[in-house]
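Both of the next two complexes hold subunit A, though its partner changes from subunit B to subunit C.
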Partner chain A sequence: MTAITSLPRRAARFGGPTYDERNALVLIAPLATVLFAVAVFPILYSFYISLYGLKLTRPHRVPFVGLENYVTVLTDPQFWEAVGRTAAFSVMSVAAVAVIALLAALLLNEEFPGRRVLSAVLLVPWAIPYVANALMWKWIYDSNYGALNGLLYQLDFINSYMVWLGDADKTLALIANAFVWKEVPLAVILLLVGLKTIPADLYAAAKVDGANALQRFLHVTLPALKSSFALVIVYETMMAIRHFDLFFILTEGGPGDASHVVAWRIYVETFRNLNFGLGAAMSYILALATLALAYAVIRALAQRI
Partner chain B sequence: MARITFKAVTKRYAGDVVAVRDLDLEIFDKEFVVLLGPSGCGKSTTLNMIAGLEEVTEGELWFDDEIVNTLPPHRRDVAMVFQSYALYPHKSVYENIAFGLRMRRVAAEEIDRRVRDAAAKLEISHLLQRRPSQLSGGQRQRVALGRAMVRQPAVFLMDEPLSNLDAALRISMRAEIKHLHTAMQTTFVYVTHDQAEALTLADRIVVMNDGVIQQIGAPDDIYERPRNTFVASFLGNPPINYLDGTIEGADGAVSFRRGGMRVALPPALAARLRGSPGREVKLGIRPEDVSRHGLGAETPAMEGIVDTVLPVGSDRFLGLKVEGCDVFVRVDKQAHHREGEPVRLALVPERLHVFDKASGLSLLADGAP
Partner chain C sequence: MSKSSALSRRSFLKTSASGLVAASTVGRAGAALAADPIHFATWSAAVDTVKSHIAGFEAKTGLKVDYSNTPWAQFRETMITKFVGGAPIDTLWVSDSWLPEWAEAGWIKPVDQYKALTAYNDDVDKFCVDSMSYQGKQYGITYYTDFMGFIYNEDMLKKAGLSAPPTTWAEVIDQAKTIKSKGLAEYPLLVPMAQETWLIEFISALVFSHGGRLVDDKGNAVMQEGGAAQALNLLVDAVQKHKVVSPSCVETGELAALKSFSAGQHAFGLIPKYRLRTLNDPKQSQVAGHAKIALMPKGEKGSHATVGWMRFYGMTPRAQADATRAANTVKLMEWFGGKADGEYRFQKLLFKDVGAGFGVKSLFKDPEMRAAYAAYGDVDLIGKQQGLALKKDVVTPWFGEWNDVNGSAWQQAILGKVTPDQALKNSAAKWTSLKKQG
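For the complex of A and B:
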């Protein structure tokens, strides 16, 4: 059998790709072309741009500047302030998503009347597009006719309507709140999938071994959730670091520069100042930082699985 | 020390599924009891009620002189081996075995001593630092046993512990489990659907079907004197043969009759059936209860045509056509029968089983109808 099938293959090796290999190439080609056009090319091209002084305010002169754009970005104290805000926003958001999603997933993993309805309701934020979510929160936070003001006023928590997003101390937290609301459902699903894979026998064994509810959670549930949890944290961190829509629609980086995060800075530099070279360099720094962070989180959380 | 008593216990799951019905059972201290029955008959449910993992819906469950209906698992002094082994996947073998002791706050040196002791007995000392995922099925099985052993429980529960192992390993593990029982001197309750496993291991077998106990007794007792056709069929491989027929009484002799076949029944049966000629019954003949020898004019015998011949090493199995019925028998390997050939085999009168055709109940058992 093996001798017979290996004969034509060996013969073909001298004459270039086999029939199968050629077929495979033909089948892969369309998708590879599309991927190259929409993913690989922009990545390479933006790196190329980041090495030039491309400003649309003086389009006729595009000098090669090497790594100068990177140096400019990394030595700019305002950039580091933006990094600080991005970090604060991300830590707040990811921590809140992780905790809330874990509690929700644990709840939905139990059998109780109304579980299905609650699961369905919980998925609603997931179905809302980012921009629609941002517009909805803009309305909720509105200082004149916002739902938050209305609710708190009627409950007597506040005496007069507040300009929520105008308070520099609260802005990041309020934007994070809107972000968390949108992100929790997906995290719940990821954790719920992890919970469903835990065999019931493990809980029975732990009960017989004398573990109480908390110990069963610590010794059976949590370790089994480790990889789902790592996934949630990596994914949400990447989403938070790069998040733009809420900053654009709710505050445009304000008040002052209270919500001036890196993603917003890239937008301003590129599309308002029309300094494409600098914007591209900043994008590259953000992308590399995101990758490095994701790698670190995966290593830290998934190492001992 | 643990004697387990079920008093009229019924277990009903949500949706009115009755898994166990009106169970009365006493398991004595240090006894090895096997719950035997087909899948879905309520064996695991019964075991889980002993463990405290399932609540008793009705009736009482006693451990010695205490009702334990509402006692949680960790206060029952039971250990359990699961069919899936249920090892904690992220813990080392050592930690898996130690877990139950850690939860009970046993001193660290004592835990270490017991874990190493159990590992040595189970020959898994070299695996203590591995994860369950790095073990073979047989090794996982041993870890699961070790986890139960170190607890030194009053009751050792096992739910089909061998059914995920391959055939050879299954047979060698039976012997080890038997040894374990002798060494541990505790009550063992063991669930299986494998009749051979039950016959090998048990002090007493509890045969269950549809949530109801069919018969309780020592392995020989159950095998030799099944109370009904369910028990008779469930034990024995290949299974018992049945011939439908009627009782005939003539001149004080009582016999079973089917077509041209007539089998004189032994005195004990004859005495019971003298008064009911014409009664419809099933004659039960186990494959090994026939013989080519000792054929006399008076011995009960069976005549048939050889349909198939199956040599299996030590024995030879024959498929026969007897009065239109298929009958499977075992003969010694010296027998040289050909397909299509007529045979006549002697039946051992004391080993014949007679069941009421309608109810399936044995007519030999005490209190038979």
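For the complex of A and C:
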């Protein structure tokens, strides 16, 4: 009906916007303006800033430096050390999330008493805000009164309280553990949705062909889950690469530089050193790297799906 | 139907816009008509005490004060953002750590020309005036001051058969080993080394008591040699060799240290002096009545020196741009940092309220203050230690940037990831690089 009435109006106006189109534009304009102001403009402006030596503590000296900030970042050995830590953190986190989520999804895909309750309980970590999650793990890991030490001591696994976050060799793994705890529920849901879409006929046919449980999992379940896995891996990789909250609350980048990941360096450079130019350049490098990685993962997995 | 609703929307938008413009105009006119207050910004400490003192000022002078406060953790960044954005601030609390940065940027101005403020210099400890000064100019009047104290648990020492607290760092290690061997504390010595704003104070106290400096008078890094190197080596040995300091010191901040000492887990601790009151409060501490202060132990070639710090009332260019505003702001600064109705009222209120230290020498003789101090500390020893306090020598425009690297370097040495020598060389190299950049 709308199409019929609008066509003559458009024709009558020689291709200009129709009355309805104008109305639509007016209605969209406020939201578009807000989106431009809070999303598009900051993104463009941060790139503009990254081309200047903008440091708030030197307000009278803001030279145009072109791509110098990018060169400074990319030639800084400490930045590459942070990239290495970010990669290590991301790989261990995403691998753990994928494996644990797959096992949990397979479990929840079966019918057994208490399945609904277990499903609800599994969602709890997802419902906890990131900062609350970080504070909770800070208490758990505390070397003086932490629950982890208490538990291990009660079970006679340790003779004295251990220093967890203060041990540079364990820090990244412990932060990854807290990250995994928070991220697993969403991954479970995504994989569970994938599992639900696998036709029962495929399993029946596999059974007829004499496939055992492991073979059915390897040749039916896993191939059918590829697209869900791609989504989980891409999403969790992006979350891990840019993750900040746990590093801020648990270790503040320490001990020493053991948890100086890229996101932490961006925070320090931008909000502690107030070096907005360099911080913006670092943010752009991180964003572009994440985008490229996500694209590569999607492409690689898409070719196999 | 469609057209009429569009018209109606149009008129709605017109009406709303007209309403907003009108409200804004009336608001601005109202603000212009009202007397422009003195804009006073602080971090969120002793808020009620500040408000009541402001009320007294307003009642006495008839001037209005617009008071705002921001949490300490975000104060520096918030104020810088406000300075850059041109927000109205006339006077504010300033940490000595930020003085060069803010002075260089022109966000605070010297107050040497206001005799009402500088007249108090003779009555405050030297390090206080030093800490408020940059390149020969004074930038404020004292708000509060304190120093890093060496606190010990007298009860634990007695149980270990030790009759007196240590006077040197070598004695500290010996006594700590004795206490540990008797099973009284696993880690008798508490040195908080978490990466937080307090870290430089802990490091400076260790370095100064070893007779060292982090930076010389010309601003060159000397942290890789002498007393600074001895201090870091002592700490590394205390953690790794003697095991009298917990390796978790790298994740122990000032507040966590206070709780840990309060729980009776340590014999000795580097703790800001003003915490002595909390440590001896039975409601907050299990070692109440046993937490005592001793002079900072000295290193082999050191002294009983410690680090002192200052928070002061700074004055902005906005306040100084107008003679009347400047005069009113000076009145408010004096009311808080100097005398109000003939006495250091705010400093006394602050001391009684939160135990915050004061740099005013005459207050150490004030019977009321002596009585308050005597309830939990040796007032004469506190006065003596404060007189031996030195200002931080690393406070420069690039202090914040270097501080992160230095803290990380000390932590890495404590954890055995790098040698103390290498850690200090890395720190010194960063300092030199930042100094060149200016």
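By definition in this document, the second predicted complex is superposed on the first by the 291 of 305 C-alpha atoms of A that agree within 3 Å, B and C clash if a C-alpha of one lies under 4 Å from a C-alpha of the other, contacts with A are read in each partner's own complex, and residues count from 1 in each chain.
Keep in mind that, in the parts below, a residue touches a chain if its C-beta (ideal position, glycine included) is under 8 Å from a C-beta of that chain, and two chains touch if they have at least 3 such contacts.
Predicted model, so just to flag it, every value in this text is computed and none were measured.
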Item to complete: After aligning the two structures on subunit A, examine subunit B and subunit C and state clash or fit.
Response: fit
Worksheet item: Between subunit B (first) and subunit C (second), which does A:Pro129 come into contact with in this model arrangement: first, second, both, or neither?
Response: neither
Item to complete: May I ask you to decide whether A:Pro42 touches subunit B, subunit C, both, or neither, giving the answer as first, second, both or neither?
Response: neither
Worksheet entry | Partner chain in contact with A:Gln215 - subunit B first, subunit C second, else both or neither | first
Worksheet item: By residue count, is subunit A touched more by subunit B or by subunit C?
Response: C
Worksheet item: Now for A:Val163: first (subunit B), second (subunit C), both, or neither, which partner does it touch?
Response: second
Discussion item. Contact-wise, after the overlay, does A:Thr57 reach subunit B, subunit C, both or neither (first, second, both, neither)?
Written reply: second
Worksheet item: So, A:Gly84: does it touch subunit B (first), subunit C (second), both, or neither?
Response: neither
Practice prompt. Return first, second, both or neither, reflecting whether A:Val268 touches subunit B, subunit C, both chains, or no partner chain.
Written response: second
Discussion item. Quick check on the superposed pair: does A:Pro17 touch subunit B, subunit C, both, or neither? Answer first, second, both or neither.
Written reply: neither
Discussion item. So if I take every C-alpha atom in subunit B and every one in subunit C after superposing, what is the smallest distance between them in Å?
Written reply: 46
Fill in: Residues on subunit A engaged by subunit C in the complex (per definition of touch)
19, 23, 26, 56-60, 143-144, 160, 163, 165-168, 251-257, 260, 268, 271-274
Response to the item:
In the complex, the residues of subunit B that touch subunit A are 48, 51-53, 72-74, 78-80, 82, 84, 86-91, 99-100, 103-104, 147, 151
Worksheet item: Which bits of subunit A are touching subunit B when the two form their complex?
Response: 199, 201-202, 204-212, 215, 219-220, 223-224, 226, 304-305
Item to complete: Would you mind writing out the residues of subunit C in touch with subunit A in their complex?
Response: 2, 6, 9, 77, 80-81, 83-84, 101, 104-106, 186, 194-196, 246-251, 256, 260, 265, 397, 400-401, 404, 407-409, 411-412, 415, 417
